[in-house]
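Got a structure for you, written out below as structure tokens; questions coming shortly.
Chain IDs A, B, C and D follow the sequence of writing; residue 1 opens each chain.
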Amino acid sequence: MQTFLQQLVNGVVLGATYGLVALGYTMVYGIVQLINFAHGEIYMLGGFGALFTYTVLLPGGTPVVLALVLMLLGGMVVSITAALLMERFAYRPLRGAPRLAPLITALGVSIFLQELVRNFYPAKSPRPFPQLVDPSHQFSLGASVEISAPRLLTVVVAVIGMVALSTFVRRSRTGRAMQATAQDPDTARLMGIDTDRIIVTAFVLGAALAAVSGLASGLQFGTVDPRMGFLTGVKAFTAAVLGGIGNISGAVLGGFTLGIVEVMATQYAPDPFSGGAWKDAWAFVVLILVLVFRPSGLLGERVAARA
Amino acid sequence: MQAPRLVRVAAPLIIGALVLSACGSKSESGSGSGNITLTLGVIAPLSGDLSAVGNGIKNGVELAIKQANENKTIKGVTLKLDAEDDTAKAEVGAQVAAKLVADSSVIGVVGPLNSSVAKSTAPVLSQANIASISPSNSNVDLTNRGVLATGGTQTRPYKSYFRVCATDDIQGPFAADYAVKDLGKKTIAIVHDKKAYGQGLAEAFAKQAKADGATVLPTETINPGDKDFSAIVTKLKAAKPDFLFYGGEYPEASLLTKQMKAGGLNIPLMGGDGVDAAEYIKIAGASANGDLATALGAPTDSLASAKQFLTDYKAAAYADPADPYGAASYDAANAIIKALAKAVGDGKKSGQAVRDEVTKEVQDSDFEGVTGKISFDQFGDTNTKILTVYSVKDGKFVAAKSGTFGG
Amino acid sequence: MSVLEATSVTKRFGGLTAVKDVSLVVNEGEVVGLIGPNGAGKTTFFNCLTGMETPTAGSVLYKGSQLPGRPDLITKAGVARTFQNIRLFNNMTALENVMVGRHTRTKAGVLAAVGRGPRYHREERESEEKARELLTFVGLGRVGDELAKSLPYGDQRRLEIARALATEPGLLLLDEPTAGMNPNETAAARDLVRAVQGKGIAVVLIEHDMRFVFGLCDRVAVLVQGEKLLEGSPAEVQSDERVIAAYLGKPTEDTAGES
Amino acid sequence: MTAAGSSYRRAVGSQARVVALAGAVLLVVGSVLPWARFSGFPGKMTLAGPGGARIGPLLLALVAALLLRQVPGSARAVRAASTFAFLITGLTVFFIGYSGGGADYVNAGAWVALAGALVYLLGGLGLDPSRPASSPPRSLPDAPWALPAEWLLTAGSTAVALYVFVHGLGIQSANVGRPNDVVIRGAISINALTNDGEFLAFLLLLIGLALVATRLGLLADLSAITKKHPTVFLAAGMIAATAFPFTQNGNGYALRIAASIGVFAAAAVGLNIVVGLAGLLDLGYIAFFGVGAYVAALVSGSVTSTIHTHIPFVFVIFLGAAVAGLFGILLGAPTLRLRGDYLAIVTLGFGEIFRITANNLDGNSGPSLTNGPNGVSNIPDLTIGSFSFGDNHHFLGVDLPFQANYYWLEIVVLVVVMTAFLRLSESRIGRAWVAIREDELAAAATGINTTRLKLLAFALGATLAGAAGTVDAHVVKVATPDSFTFLESALLLAAVILGGMGTVPGALVGATILYLIPEKLRFLQDLRLLVFGVVLVLIMRFRPEGLIPSSRRKREFHDDSGGADALSMPPGHGEHMA
């Protein structure tokens, strides 16, 4: 039982990262129906931006909390800049192009960004990330179930990010315009909504959340590397689809589900199909099963015909 | 009116194409100073994730070539390097191997880095009887060593394939003996990354550890590229092991040891030469203290020649570090250079004859390299089976024990 | 003998009953009009007949036997349809569109298509001839090689009918065949429906253009709020006060432009 | 294009033609004068008369002659020609200077040419870039010589294509001699960089000429003519493809690359059925290829196989295809009712499940079948009857390394796959697929069993991939899980989309380009993936409909840029059918 609870906690921590990155996928998809495969790289850039801020820009002895805030800002600046450039120069010219064209563009951007960082950020191996939040500091959740400080932080920022985003989308003017654009871009345009601006907003919000996640990941694992975005990106995309792509709560739910499935498969899947080597296979099996029975994902609505 | 227009427009282009084809062929522009140029090939990942390691191999070979040319080791021959990028993929490996075979000036190859790539390069190179020496392939299949475990008769699958590193079935057991016999560990957890190298090593370790009387827990696996190993740590913790052997490379190993210790499982992690890297300690930080890694050969700083190599390497100011296989590649290149010198001395200077002769001479190699003595058995494996265990003390790998498995 | 016999067809979406207990009989060679205000459930009724929706209750018989539940099987059985908002295969040529309609009446599988024996060639040739005939029949003989999307609106409607006819139906369901047409085109559409009738194919059409309906149909059924209000000859329906009250209420000519 | 561009054109005005012509003349003069002051630069750069990289600017300068007579599209053609002439000249001058060791080594001719190219470019940019009204393809007049001339053009165009391919492939392996020759090279001044410079110049020339031909409508004319004589075209193509090994002088490397391109292209054509015709986005296609490869590896008689059987390859190719097809059905049956992107992620998931499973079925973390990460290695050379594919041959005075055997086998597989695709796409089944892609609901209402046909496309694509995989296993000699990652699937998809969806030449060109770009970018070393990423983005930016779109799709995209693509959710795409 104790192991089960501890694994549940592990799953939630893992899922928090997936969920946070999945939000970026889901928002962009919801509005432009684009699978932005390069979003994982935005997450990676967030981590590197934060690392750069710490190692290059911050003077030694900056108070931890201040350093964290500035690192987050640094990460966000990098992520958002990259997302804006990507939107402007890679995706926007392709609006109205055959739908699969942007998919290949996304792939190209993804490869480009990975290689850019790998080649031009000094030293070509995983980069040590400052351990500003002590990983050996454990919080007990009762019955010897524990969570370390950076892991707890990951979950907390993820939850804050998700709540903030869904509040923004539901309450703010821009958020409602986003919903309208997602529902029906043509009508939204007729109603005077600047859809270009809405699309940019979606990219920016997604990048900001990815940067949060990138920083959290750096703090949690103590390293960032140029490839970290790719795997996380695929998982996050999976999470977004699992939850029902285009649906904000769905992305979060999908992320947690995926994280928990992976962890539980490691521990409890029947031998010999258990363990880390099989966990991703289980994750995808669950995805396929969910989609077979709920073709639009866990929270996805039946997609209306769009004439 | 239509057709003439078409013809008129097409005519210059067609004439142009004809001119192009007439001028397309190139002529050799050799001035013929009497010195012949032969090529030493390298097959290694020069782009992608493993490029730093691959460039280390390339640089090691380049250094050897530079010294040979400066010292005029081979009379009348200028050596040049042709480093080909295999992108760590078997498919591409076979291709660049064919490229090197097609270049008649190529007389030997150093590489590749990965065993899986070697499985597709070795057949191609062997067919042309080009000697290839890998600094790092540890998979038993390549020299068919796997049959030894089951009592079969070893036969050589690739006639011109050699390697200067220890195979998994030597490194793993050596580590196991150290863990069980020297450190007295009783309950050992095994984790590997489910790659050919990691799994081969971990399996060989587990087998020997059992034979030595330790309790070996069911093997756990992780995925290369993963970062969150908390599920594995939680799972292992329940079984209360006192030692962990990890088959794989440092990026995951460093995260695993850190998360293990943060998760309250305070036991040493041991790995193979894939873990023996300065980066491991950089990432794992204080968690790395007490962790262990095995590596081929005697400790580098105990050999004068090795020190000289490192100095030379540093002087050449390469962008990528010599670690982990630069020194072994340097030795491999020198084995080929020495063989070529003999072949040229025998008057073999070109074509298939020189390739045949070099392969034959590599087989008979016998010299002191910077990683130890270089000589090969009849299957292409190195005769040198000296290994060293290093342990992390104060942020550094320190040699703990040198020896050879079973000896 | 009746071609279509729909009995008590009911379709509910959640709490909303779109079609309630509607029965309709269509006899061989008949043209039946289905009229009613927007939202009366006419298209939903069509969808129930063609397998796009599964009726909540009721039965549909085609030439005496139960229709299967899938659109493609229904088409194969002999009920073809067109759509209110034209649904052509836009990036195929007009000819190809009609040839797709031959799908259920041809057999060539993957092996035949790759192997291309004499039988395949014969079938393909027949398909093409038949398709060209149909194009000529609907008056599109000269545009066979143009992309469907590049045809003018009226031609697209005809092309859709040609495609439906290619399936060799016994019953053709037309969902607003004159929507968006000018008077000339409407007249041509009337001739076309008559010609279809002349081939011995029964037609049911949903239409808002009353002049078109009353001038063409043998019988007219009126749907209001999902229920059949009335069925009878054009004259009967035209003069029925309930119809005028529930639906018409204004001169018939003006509704022609609705889509 | 931009405001700056149009104001520049206004400023240059009617002088543009004169300026361009003057520049072109200068460029022609420059290109026949010596360019380099040292020997060793490839292509006889020091001699009088054009050679190597100088031929490019010369040819492109000749295009300016179009300005003397008004031909539709000539202004745009000259713009393109002048742009690429300038690029090539600039690049070559840079490389001469770089490899010679300074600007001193650049001879007068190069400077004259560079100046000419610049003037030519300035004139070219001043020309009116507006697109001429498109006209139907031109054809030869009715004359007795027209038919043979058309045949000649058809066959000639394939020959030119082969020549271009061979020449392009040959540039970088310039230092590859004949296997048994003595290679003597005193000065090793032919370094990699100059070869790469030459290749880049060649590539730019190709692009430039292709653009010129497109803008003059010549490509459209040519394709109309070749379409009239499919048999001649096919025969010429076959002869060219078969002849290729004879042009390589025993160079196994080029053949190996060509064989790999063949495997890749065969898989791409198969994927084109699924994506291009039926409109199903498949992100895990490589898995079916992998199934075929593993089946072939396991029954190849390799000592590392867990199944110690040897089945003759003629059966294996069908076995591999059948098993892969079966997997296609197993995956497709429950999932094909999913909407586009949901299907994409399911196929992605399946691809990963396959890779993970192959990686685990080694008796340690699963049943013993695939040897896990070690893969099945030591796959022996193919033998059919008494013919071993591992033997070198000597035929008609030409050395044919063993790679030629695999190359020809691959050509056979490719031809089979292409034939299947072409015949299917022009059949009842193919029309039904396109109908489903266009409007699934309408397709169902037209009597098409959409579920069955989608499954058919999916399974057939899988089958063809499986067949290609069986060959690949013998070419690569090892089947490991690493070869079947998501990235491989993505690259195959990229080949299909890059080349142009739904067409065979598109898939061929896409596969060739995706294979050759990384191969030809070797000199960039660690930067080559970076550049590869940029190239992907750029191609999609300028040719979003693919390099060789089907004539339908091209019209579709250029007619109205706001129009929805066939795959971008046609009306009712999301409606589920009962």
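The working rule: a residue touches a chain if its C-beta (ideal position, glycine included) is under 8 Å from a C-beta of that chain, and two chains touch if they have at least 3 such contacts.
Everything numeric here is computed off the predicted structure, so don't read it as measured data.
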With respect to inter-chain C-beta contacts, which pair, A-B or B-D, contains the greater number? B-D
Using each chain's Cα centroid, which is most distant from the centroid of chain C? B
Cα centroid separation, chain A vs chain B, in Å, comes to 36
Whole-Å distance, chain C centre to chain D centre, using C-alpha means? 46
In whole angstrom, how far does the Cα centroid of chain B sit from the Cα centroid of chain D? 33
Two or more other chains in contact with one residue: find those residues in chain B. 51, 194, 219, 221
Two or more other chains are touched by the chain A residues 275, 277-278, 280, 307
Scan chain D for residues touching two or more other chains and write them down. 359-360, 364-365, 526-527, 529, 553, 566, 571-572
What chain pairs are in touch here? A-B, A-D, B-D, C-D
Which chain B residues qualify as touching chain A in the complex? 49, 51-52, 194, 219-223, 225-232, 234-235, 238, 251, 254-255, 258-259, 261-264, 279, 282-283, 285, 320
Name, in rising order, each residue of chain D that touches chain C in their complex. 419-420, 423-424, 427-432, 434-435, 438-439, 441-450, 456, 460, 552-553, 555-556, 559, 566, 570-572, 577-578
Chain C residues within the chain D interface of the complex: 50-54, 69-73, 75-76, 80-81, 83, 85, 87-92, 96, 99-104, 106, 108-110, 113-114, 116, 120, 123-124, 127, 147, 149-150, 163-164, 167
Within their complex, state which residues of chain D touch chain A. 275, 281, 334-335, 337-339, 341-342, 344-346, 348-350, 352-353, 356-357, 359-360, 364-367, 486, 490, 493-494, 497-498, 501, 526-527, 529-530, 532-537, 540-541, 544-546, 553, 557, 561-563, 565-569, 571-576
Which of the residues in chain B come into contact with chain D in the complex? 2-3, 5-6, 8-10, 12-13, 16-17, 19-21, 23-24, 26-37, 46-48, 51, 55, 78, 80, 84-85, 87, 89-91, 94-96, 98-105, 115-116, 119-120, 123, 127, 139, 141, 144, 157, 194-196, 199-200, 203, 219, 221, 349-352
